[in-house]
Amino acid sequence: MGIVFDGISKVFPDGTAALHGLDLAFDTGEFIVLLGPSGSGKTTACRVLAGLEHPTGGRILVDGKDVTDLPPRFRGMGMVFQNYALYSHKSVYENIAYPLRVRKMAGTEIDRSVRNMADLLQIGRYLARKPSQLSGGQAQRVAVARALVWQPDICLMDEPLSNLDALLRLHMRTELKRLHRELKKTFVFVTHDQEEAMTLATRVAVLRDGRLVQFDEPKTVYRRPASRFVAEFMGRPAMNTFEGMLYAGMFRAGDIACAAPGIPDGPVVLGIRPEQVEIVDSSAADAVRFEVDVMELVEPDVLVFVRSGTSSMIVRTPNDDRTFAHGEPLFLRFPPAALHAFDAVTGARLT
Amino acid sequence: TLEEAAKPYSGTTIRMVGEALPPLEALSKLAPQFEQATGIKVEVEMYEHSEAVNKVQLDLNSQRGRYDVIIQPHREMGKFATNGHLLEIAPFMADAALRDPSFKPEEQLYQGAWKEISWYDGKMYGFPFTVLNMFMWYRSDLLADAKEKDGFKAKYGYDLAPAQNWDQYRDIAEWFNRPDQGLYGTALQGKRHEALWYEWLNFLYSFGGDVLDVQSGSQCGPVVVNSPQAIASLDYYKSLLAFSPPDSLNYFWDDVMALMQQAKVAELIMWNDATYAVAVDETASTVVGKVGFDIVPQGEGGKIGQLEGWTYLIPTYSKNPQAAFLFIQWMMGYDRQLEQHLNGGASGRPDVYESADVQKLPYAKASMASNEYGKPKATLPQSAEMTDILVRELSSSLAGEKSSKEALDASAKEISTLLGSCAPMSYPAQ
Amino acid sequence: MTSLPVTSNTSGKTRGAFLLDRGVGPLLVLPATILVVIFLVGPFYYMVYTALTDLSFADATRKGAFVGFDNFRRLMRDDPLFWNSFLLTLKFVVVAVAMEFVIGFALALLIFKYVVRQRLLTTLLLIPMMLAPVAVGLIWRLLLQGDFGMVIYYLRAVGLLAQNAAVLSQPDLVFPAIVAIDIWQWTPFVTLVMLAGLMSLPRSPFEAAMMDGAGPLRIFLDVMLPLLRPIIALVLLLRGIDAFKEFDKVFIMTGGGPGTLTELVSIYAYRVNFRNWDLGYGAAVAFMVYLVVLILCSVFYKAVYWSAKPSSGLPAGAKP
Amino acid sequence: MIDRAASRPWTAFAWAVLLVAVVVALTPYLWIVLASFKTRVDLFSSAPKWLFSPTFANYPAVFIGKEYWPLAINSLIISLSSTALCILIGAPAAYVFARADFPGKEDLFFFFLTTRMAPPISIAVPLFLFFTSLGLIDTIYAVVIAHTSFNLSLVVWMMRGFFAEIPKEIDEAAVMDGRSRLGAFVFIIAPLAAPGIAATAVLCFILSWNEFLYAFILVAFEGRPLTVGIPGLVTPHGTLWGQVAAVAVVATLPILIFTFLVQRQLVRGLTFGAVKG
Amino acid sequence: MGIVFDGISKVFPDGTAALHGLDLAFDTGEFIVLLGPSGSGKTTACRVLAGLEHPTGGRILVDGKDVTDLPPRFRGMGMVFQNYALYSHKSVYENIAYPLRVRKMAGTEIDRSVRNMADLLQIGRYLARKPSQLSGGQAQRVAVARALVWQPDICLMDEPLSNLDALLRLHMRTELKRLHRELKKTFVFVTHDQEEAMTLATRVAVLRDGRLVQFDEPKTVYRRPASRFVAEFMGRPAMNTFEGMLYAGMFRAGDIACAAPGIPDGPVVLGIRPEQVEIVDSSAADAVRFEVDVMELVEPDVLVFVRSGTSSMIVRTPNDDRTFAHGEPLFLRFPPAALHAFDAVTGARLT
């Protein structure tokens, strides 16, 4: 039982291929997060699942039934559109109430659910407004409310929090988590915020150019990225990568050299996350010498941009008010456990 | 001579307006001759009937004098004359410098018609452009048909021939009325349209009735339109509906003419200036040579048809009235009249009818007779409104909304109130 | 022509006024306003004045002396013809416009939904509207001519019409006939405008409604109609007003007959003005018509258009 | 709903309905086209003739014989110029009504509609006298002005609706990009409102082209348009049906062409993807 | 010289007050970031500055000139709208080219600038498309390109990166930084992403309900928030706060007690950032005992939600694969240096 993208492809009339035979299957009750660069097909995937776009190839299965040709309203899915798509002629209240009215819910019932939802999203004060009188974030929350209020079996959310401030986002995050726990509904959630992805997802699907490149638990996606692309896509800042040669457990790229045990010899791309690089003093064994380029304060941490010859990298370390002056030498150590190795050509994970 | 008379006005342009009809087209074809002779250019504007009337109304009332000669149905005379929109012709006639000695209207025109069409209140305002009247059309071939003759005689006890009185007229209509064969006894012009009024007037007059009890159209007098004769005439008129096409209540001259041209009617009352298109014009008619014409049948009032006409007039605001007069005078000349008449006109000059060419036309005699017996109808300022009232009431009566009496009583009441003190009702309506 | 005071929500210099580089706004309305005021309002007031005089082009004794409200008194008290024709016109407007709207809107929807290249089709559908009313009158008179009319012929052929019957001279058929012909001529108008309206609708609310589980009907009622509301109001208002002035077709076809069965108020006005040249009274008639239309429209306007005013800044009260 | 749901049976049904509509709309017109090639005899045959030996006499008869062709030109001049004027003057006004906000705006807006309400019959005479005093009477300008001011109400009312459909952020973007307010309207908003403008233009053109009363009263004989000419073919000697038909047919051609051309603007979804929300 | 909001207030026709006498002044060439909860007036502030809204009170000064009544086009400002506002009937190319065309730039010139800008924002491939054929992020980048291409003196960007993925964001961030450095133009930048704010801003303005609550360098805003609101608004997750009594350098709230030197006695709100809380073992001096509620993995860190009696808080610590079981006791230490104290009533900073 669950939702299945079975070789879904979508080519738009103008010939743009947004999805290339996307295969993706997950259970009902899961909280799926779609990640991927802009234009990778996330919205399209949602729209196909919702039935707003008809796939040019493949089938959509819900609980084993082929719903590919089923009109949206029979699919029991709610959706938050990337561009809110509010009813400009209805008040906020009516916008939220609409799905319930369509379902002939009793007036008092409607009123209760609408107000609950509105309070939950802190838009109770704007119920009387028209969408044109809302701020971006307020409008977005109305869209979310409209999608959640009737508690659809499957809820598709296309970047539903992108216009909200950090605090509100955190709040929404916990609320969504709670809802998911309590209602046991399925969520498909598009976001660019990796923290959201990490905390909300039961599983994360990473898309690239309309293809699925990895589908795993958040932890795994972060710790064992399936490919160089994923590795570099996840994490802020992105993972540092060096293209070099590996020979007898020693990796060399330019004048960088470090031990990399358990990886077959040959050309390889080695990666390490900025926060896993250790700053050591010159004396330390297998310390690699770099020069500080610039430092950037990202409370609570600092990002230190360092270079050594041609290759450069970023180091993330807690901000202990130590300053790194341009050009000053910095000795770094790459803990073998923290190293990722990818095929130099395909980018596939090696270990 | 004309040339001398025209000297002072050579180079001027006179503009005239009238209804788009063959005679006017003929006129505009003649105009260049006049220009050659006199150097006076004539521009002719041709509009549809009511368009022409309205254009002139607005022009006169705005007093801007766009037109030097206007050709109008004599119904309008009252409005124009009483409002002082028209120049009298007498002064021009008296003016030796303008008068063409060879033109003697007192002798050369149908006096009755002329006095009705171009005079108002005893004053002369112009000359007839066309003298129009209605008379009886019948299918000579059918009436001459031996089988029909026998059958008709057997049924009605007298010989089948062009109707002399209204009873015969109805018998013939009844006899020939065979809708299944696509032939109707007659065809009435029952649409809510002047046509209805024109047609009915023929019945009214020959039944001895009238609208107002007066001698001339310019007089106001007692209202008699609901007289017993009038009611009788309307009853009779309605009785003909039985032998008339189903759509008669929406027909006017256009339709009945088409019917005649398509050989679908045995007899009807129709305009003289339409005869050409039916009796002569092969492209339009299938009954050329099969139509006979005669003055309307006899009634208590005698053989009388109604008389209508368009007349040349000169507006007060004309910029060059003399030139206008010269042109009118010239047009009234025999040759031009003949020319016009042969092109579908209806001249006001008896001598034109006597000409050989005209005599060839099958309807010449009928026309002449009718012109003699033409009877005036109101040309008072309110005439148009009177017409409107009558048309409306007649139409309702035909539609069966009112009896003849109710309809005519109503008309009488309205007309009387319209004309005021000068027009009491002779036959009080209850 | 003064319009009823329609209170508008304007609070000093608001966004709009400012956005229009200040003042430009009213400036752009000016030419239109001036033109209309000079060439329509001017004559209109002349007409209103005339209505208070006895002006007549026919009767030499009536040169336009001021007579106060005599004309209106006469109109109100003793002119059954006017009221008769007036009610007839009301009937005509309501029936015709209603039908035109329903049919026209339906066609527009069908074209919009199912026809990809609608250019030729729409053009063909518009043809009746392209014919001059004068021509339409003549043409239909010919088509319905009792003995040679093409339509009549086939009506009889299929037995919709008795052999010895005709349409325009049949008291019970003539009014439906002119209504039908008006529908024939003006339905395209509705189609055209509604089609244009549909074309300019945004897409997203419809998708949203689909996701909210609304079926085609609900979507039509809850999303499309409200969004089209200004356009709909416009169509109804314009058609209503123009239908009230319907003249040429009917006048040519029936001349208002048989009897007064099809004498619309405009035909009546025509007789008074252009036949009897009783301009004073004619003006009164015209003004009366104007007044009623004005009232009807402003009521309708407030009811429908106003509440759908595209830029309604006031928040609509939420339900309890 | 907004996207074409192309389900077979419905499409078929839709086309069936549309076909009927086209037939109903077209047959009378076709009949007239045929009539324009018929002799009076053929025209009045008791059973409708669809097949007959056509005559080509009617067209020359009326356009050359009766010299009607200049009337067509007049019609063209009048309608084109008044339509152009209408859009030029009316569209900006409508735009302001859609966007700006000034005291008494709605009253003024409604006022435009009221200018349409008085029966032309009784406006006509005053207008005639007015133009006479202006010395414009009997000139084409008179009708053009009359038609323009008369159709303005239509333009203003129709266009407002269409402009209002366009998100105002787009004007704002244009203004930020350095356009004047007017510039934004002319170069950005007007194109976006193309469907509306097209429909409006078509209507203006048709209304002006077919208008009778003002055209008849205000223009001189030389300048009269076709509509005024048509009744001239209804004579006591019989309505010249063939010629009436000929004129009617010719009269519709320019509109047909104009409409067909303008229809290109009647495309959907011009504002899709403009703004978010 | 500079831009000045002089007591700007904006009340919308419907009576909503979006700005209450906003006072804000900064120099040309600065990179100002507007932060604030949803609905706090950021967009309105931008629109007023741009001249799209007319303030209902106050003046806007640019380089000392009062421009309050100056039409937008004379202000030489570019703007990225929160909802893109693209010319839907023009191609992407024409959208970007438009400001240049309006300014009558030469065709070749235009072409060069457009393509440069497009490549910079990685939308070169979509130049031929219509906006309706773009993904959210692509559309947003077009909007950005259109605002930057003509290099306006002042560039207003209303959440210009909200729909972009982390990687692209980082890239854009550096590009913007470079542009700002090179062009010396003024930027007013609205964002909800605090990392962006930290790294881009020369100064950050924090808005709340249409009022300015703090205007400082990013570091200062983060380290010495001017009020409890700012403190709680900044940082992910937000700063922990406790309302309690302070007496003789000791702070007590419920059964929490810790040393808080140098703060006057009385009711007070004490705050500490999650990452500055130290996890110590029970033995340690001034260790406070909490119980673990849940833990949340936010690579590379973990968030531990702990509670003690009524009061609860969040601890952020680097993820060293240690797991925190629900209910297990956790001893925490609040380094005095890391404490923030705010007035219990006004919320104003005390130290």
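Think of it as A, B, C, D and E in the order they're written, each chain with its own count starting at 1.
We take it that a residue touches a chain if its C-beta (ideal position, glycine included) is under 8 Å from a C-beta of that chain, and two chains touch if they have at least 3 such contacts.
The structure displayed is predicted, hence computed values, not measured ones.
Common neighbours of subunit A and subunit D under the contact rule above are C, E.
With steps allowed only between chains in touch, the distance from subunit B over to subunit E comes to 2.
When the interfaces B-D and B-C are ranked by how many C-beta pairs touch across them, B-C comes first. Seen from the C-alpha centroid of subunit A, the farthest chain centroid is that of B. Separating the CA-averaged centres of subunit A and subunit B is a span of 95 Å. Centroid to centroid, with C-alpha atoms defining each point, subunit A and subunit C lie 58 Å apart.
The distance from the centre of subunit A to the centre of subunit E, each centre being the mean of the chain's C-alpha atoms, comes to 21 Å.
Centre-to-centre spacing of subunit C and subunit D amounts to 15 Å, using the average Cα coordinate of each chain. Multi-chain contact residues of subunit D (touching two or more other chains) are listed as 44-46, 101, 125, 129, 172, 175, 180-181, 231, 234, 239, 269-272, 275-277.
The residues of subunit A that reach two or more other chains are 82-86, 129, 133, 136, listed in rising order. Residue positions of subunit B with contacts to 2 or more other chains are 50, 54, 258, 262, 264.
Interface residues of subunit B facing subunit C in the complex, by the touch rule stated above, are 50, 54, 57, 61, 78-79, 82-84, 179, 190-193, 245-251, 255, 258-259, 262, 264, 381-382, 384-385, 388, 392, 395-396, 398-401. Contact residues of subunit D toward subunit E in the complex are 101, 167, 169-170, 172-181, 183, 188, 191-192, 269-277. Listed in rising order, the residues of subunit A touching subunit E in the complex are 12, 14, 16, 35-39, 43, 82-83, 129, 133, 135-138, 141, 158-159, 162-170, 192-195, 198-199, 218-219, 222-223, 232-238, 273, 275-276, 296-300, 316, 318. The touching residues of subunit E, when paired with subunit D in their complex, are 13, 50, 52, 71-73, 77-79, 81-89, 98-99, 102-103, 130-134, 136, 139, 146-147, 150. Against subunit A, in their complex, subunit C makes its touches with residues 202, 204-205, 207-215, 218, 222-223, 226-227, 229, 308, 312-313, 315-320.
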